[in-house]
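Residue numbering begins at 1 within each chain, and the chains themselves are lettered A, B, C and D in the order written.
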Amino acid sequence: MTMLLEVQGLSKNFGGLQVSSDITMSLKAGDRCALIGPNGAGKTTFVNLVTGALAPTAGVIRLDGRDVTRLSAADRVRRGLIRSFQVARLFASMTVREHMELAILQRDRRTFRLFASVGRARGLAAEVAEGLALMGLEAVAETTVGSLAYGQQRLLEIALALVMRPKVLILDEPAAGVPHSESQRILDAIDRLPKDLAVLMIEHDMDLVARFASTIVVLAQGKLLCSGTTREVLADPRVREVYLGSRAHAH
Amino acid sequence: METLFGIAVDGVAYGMILFIISVGLSVTLGLMRVVNLAHGAFAMVGGYVASYAAQSFGLPYAGALVVAVLLTVLATLPLESLLYRRIYGHANELSQVLLTIGLTFVIVASVNYLFGPSLKRIPLPELLQGTVALGPKSIPTHRAFVIVAGAVTLLGLWWLLERTDFGIRLRAAVDDPAMAAALGIRTERLYMATFALGTGLAALGGVLGAELLPLEPYYAIRYIVLFLAVVAVGGAGSVFGSAAAALALGITDTAGKYLIPNFGEFFFYAALILILFRWPQGFFKGKTA
Amino acid sequence: MSATMTDAPPTAPTATDPSAPRLASPRRDLSWTAAPLVGLLGLAGFWVFPDDLGLMTRIAAAALYVLSLDLVLGYCGIATLGQAAMFGTGAYAAGIAAVHLVNDPLILLAIGGVAGGAIALATGALILHARGLTLLMLTIAVTQIVQEVANKARDWTGGSDGLSGIDPAPVFGLFRFDMVGRTSYLFALAVLVVGMLVARRIVRSPFGLACRGVKEDPVRVAALGGSPRAYLVTMYAVAGMFAGVAGALTAVSSGIVGLDSVSFSWSAEALVMLVLGGTGRLYGAVIGTVAFMAAHHILAATDPFHWMAFIGLFLMGVVLFLPGGIAAGLERLRDRLTGTRNGSAPGGRA
Amino acid sequence: MTTTLRKALLGAVFATALGAGAADAATIKVGVIAPFSGPFAMFGQTFKEGIAVYQAVHGKTVGADTVEFVFKDLDQANPAQSKALAQELIVKEKVSFLAGFAFTPDAMAVAPLIDEANIPAVIFNAATSAITEKSPRFVRSSFTLWQNTVPLANHVAKLGVKKAITAVSDYGPGIDGEAAFKATFEKAGGAVVDTIRMPLKSTDFAPFMQRIKDSGAEAVYAFLPAGPTTLAFAKAFADNGLKEKGIQFFGPGDITQEPDLPALGDAVLGMTTSFHYSQAHESAANKSFLAKYKELFGSSDNATFTSVGAYDGVHLIYTMLAKTGGKSDGLKAVEAVKGLSWESPRGPVTIDPDSRHIRQTIYLRTVERVNGKLQNTEKDAFPAQPDFGYKLGK
């Protein structure tokens, strides 16, 4: 089976500061991988490098076998590399429905239709309704996002990522700021995703990680500390020391 | 050679006037994020006050200059608390444009009503008339004076921003307004002081530049594009950026007019486009001094 | 100008920005009535003010021009002081075509639209990477250069003397452009109404939706797989076509094109009229144009010497007492009325 | 089917709107389009003053009719707006005459309108020769660049100047001036070594001065429209040592118009210009004109060529009214003043029957300080100069 996402020797320097060094990892279809690490481990930088928000200093990123290292963020999205943002990044004056419509139309490359009607776009309304139902957002479909509760904004953020038919889905702390009752909804939605796509989730909540992940990758100080199945990694003493230990100290 | 030198001197003198007037706009834009289109109107008010003081009260040039700067600051300061305070910040750019254009219209109409549409003059003292020899080229004394005044202004601002408490607070507030407020810097008073500084500089430039940018009611609108160009090229909030931009644009304009007089306007705006391509954030983005 | 003035990432969405257009539930969305309403009011004006058709023709053409600015500013967040470049190019293209080639008014409008769109596409692709004050200066510079070209090409444009001798054929071969300006006015009004309908269609299309996304957060649009720059340039070109048609309409109805039609002040006036009316609504552009030009006309007629002071006070008053422009004020009024009726005042401001 | 319906509908619309009332015979209205605000407000102000002076001297009635002026502000050259204003004046105000016009495009824009409405338009200022060719209903009481420049160029040639340079504002009248000077001067045996066209919006003229200096010319012919730029130009000329280098300045008198003289100051002292009106013109007509001016406005310092243009323009309108009576036929009215001669404050003038432009004396003047006040002192006169630019093509 081919790898959906391959990262080889990925490094990033800011001036003299090395924030990512020589990270190599891969995801194949069906993987449910958690990316963990203490604060400042370089998780978000890693995601930014993979999705194209930052250009790497060295290394190669392959998506579905193709080198995408030099492609723009938007091009990677079009090839199925989708992310959700850690802090909900949405269009404040647009309604929930409009967000879903835009994501779907953009996915289908239907956004350069100047004289078509959004309301009458083929199959759009049904798919929007389906996507909203998945996250339980039907009731707020016509609400502008600016006046939405933060937890609901996070749900919409996930809904947008899901509706774009990702091959590789990167979720940056999807449950942060979502009430506990709702985080199960997110996991359920991820469970229902097609099995042939790969999901990489950055998460702090170890309960969530344990429930979601089949494999775990651990970053520390910009380097890959270890990776393996959930059980292996959680049992690894280095991980306990670096990650769980530091968390324990913090508490 | 003499010609090259001549272009350089003329360009620098022109640039210095642009600098003195524009730097105030740059500082207020950098700190308060106000696109103050009435800045040219403030410069004009300064010029008119000086002209009136000199012509009707017989004040000497230096006296008229001081009176003009002080009166302009005094006259515009209430505007800060009455009008500008409501539109600070970058959520308000469109309101800023509308409000400051409205204010400009009112000032233009008032000046037209009070002083009439004809040109106004600020008589130069004996000392500044005639020419001085500068190497192979003789230049008008007034221009030489303007160059010196521009250099003094630049140094003064540098000192003010780098060496005084006010400057430290100002730079802190420009870099990070929220942090400055958290540190207990009273932005309200700081804004007022900066606004006063900006209008004072405008008035100063309006008086010193009256020979090059003649005083008439439409002054306020006629030259604002020029001032904005300097700020855009220099980078909002940057003193040295404004100086570099003003000199670059002044020399470009002068050279263009000399070399290809019939296409001078093309030359200037084409150069502006090229510069903004190369430095889309201006020469000195994010540096106050 | 709002979204583009800084590169700072957008802060977390906050509620109730009074200037933000509200496109809430379709039940309350009455924006489709704008174009027919303008048509009806315009026709009413035809009978009520039969002596002011010249002014009203100019208002109709200017409204279409301001509408074009709303497409880029209100729906893409592009702050520009260069809309006159497109307006003037359209006007000159139509004028030159009228003098040398054809005189059918509809063909002339088409020529103006194509010319305006072409110059917008060419310059937009060049300058739309910039933001804020830099973009503002670039658009000003483009306008100045276009004006200089028009000034230098005297043989074609008449230079500063203006391009005269535009004598359009009757509309549909039936209605002659008469002195009183009846044909001109009805023609301009019809073009404006059609323009509003087309513009509304565009902003409610998938493309319009994407543009609104770019206005709020281009990075997020890229994260959805879109190219913000492509949307901006396309909308700039589309708006250029509208501006070009407006220019051609002015050329056809007035029979002359002057350098003022490519001037900085005409660009600035468009911005003033749009902000006055309210951005991002389309009908705000029409309201702003009518309000500004009517106020200008009345004040200038009452006191041709000092009207500027009053129009200045008028503009300042709108900023201070009607944030978001006249249209936003009307909407708040409507919200308050309907809100009290339904027993729930959405975002009611004391 | 739909077409006929639409046609019928629109036809009905037109018919309803077609209720044009007859003008009140007792009041004759004159619509004046000029800049009353903005950067060129000086034009409007002096027009208005010129009109007021004429009405103060000659009364507000012609025969039984009262003459009333309606002012419309056009703050800058804007032909489309000019046409709309003219339309409004004709349709709504029912004016019998149009007048004013500071700028060429604004005047040209109304040509089709005055032809259709058959009313005369008297141009108080706009100075491009081609205007009167655009309609037989235009009459002009001001001047053209050709008219002022041709005698000047001959004078410069007579002074023995061999090499000259021109520097003009880059717009219609400037280009007219350049063409007139070049044609005349070269015909008289001189050479024009360079022609500089300066952007209208120029503020810093030092580089142009440098170029003039470097050109090796003995004299410069310069034209800029009256207003703020003339000050900067004159200063630059004085400041850049051109005088010291022996380069003589010549130009039409716009540059030293009276309202600007106090601001121009010593920079223009000794400057030679050619023009049709000077406040310092020695004649009884001018004396009484200025006296009335002073009486009405407290000072006659602003009395200048545009005031006289308006004053004589009103004289033309009064004459047309007197000769044709009440409701005028535009062509007949214009016919009535063709060849009309009178004594204007500027000197003797005649309306050329062919070009409908004013034929007048062009004076050679020098700026001098008399009793502490700067003035344009007339040194020489070239009587009965026509518009040399009429029908010369563009």
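The rule we apply is simple: a contact is a pair of C-beta atoms (placed from the backbone, for glycine too) under 8 Å apart; a residue touches a chain by one contact, two chains touch by 3 or more.
Given the structure is predicted, the values throughout are model-derived calculations rather than measurements.
Among the remaining chains, the Cα-based centre furthest from that of chain D is the centre of A. A simple rule picks the central chain: find each chain's mean C-alpha point, then take the one closest to the mean of all protein C-alpha atoms, which gives C.
Centre-to-centre separation of chain C and chain D, using mean CA positions: 36 Å.
Each chain gets a centre from the mean of its Cα atoms; for chain B and chain C, those two points are 32 Å apart. For the pair chain A and chain C, the distance between mean C-alpha positions equals 41 Å. Annotation: 73 Å between the Cα-based centres of chain A and chain D. Touching of two or more other chains is recorded for residues 17, 148, 265, 306-308 of chain C. Within chain D, the positions touching two or more other chains are listed as 37-38, 41, 45, 170, 199. Listed for chain B are residues 109, 112, 221, 265, each touching two or more other chains.
Inter-chain contacts, as defined above, occur between A-C, B-C, B-D, C-D. Only residues 10, 12-17, 20-26, 201-202, 204-210, 212-213, 216-217, 219-227, 231, 234, 238 of chain C touch chain A when the two sit together in their complex. Chain D contributes residues 3, 7, 10, 13-14, 16-17, 19-20, 36-38, 41, 44-45, 71-73, 76-81, 83-85, 87-88, 90-92, 104-105, 108-109, 111-113, 116-117, 128, 130, 134, 170-172, 175, 199-200, 394 to its touches with chain C in the complex. Of all the residues in chain D, the ones that touch chain B in their complex are 37-42, 45, 170, 196-199, 201-204, 206-208, 210-211, 214, 227-229, 231-232, 235, 239-241, 259-260, 262-265, 302. Residues 3, 6-7, 10, 13-14, 109, 112, 116-121, 123, 131, 138-140, 142-143, 211-219, 221-223, 250, 253-258, 261-262, 264-265 of chain B are the ones that touch chain D when the two sit in their complex. For chain C in complex with chain B, the residues that touch the partner chain are 1-2, 5-6, 8, 17, 19, 79, 127, 129-131, 133-134, 136-138, 140-142, 144-145, 148, 152, 264-265, 268, 271-272, 275-276, 279, 306-309, 311-316, 318-320, 323.
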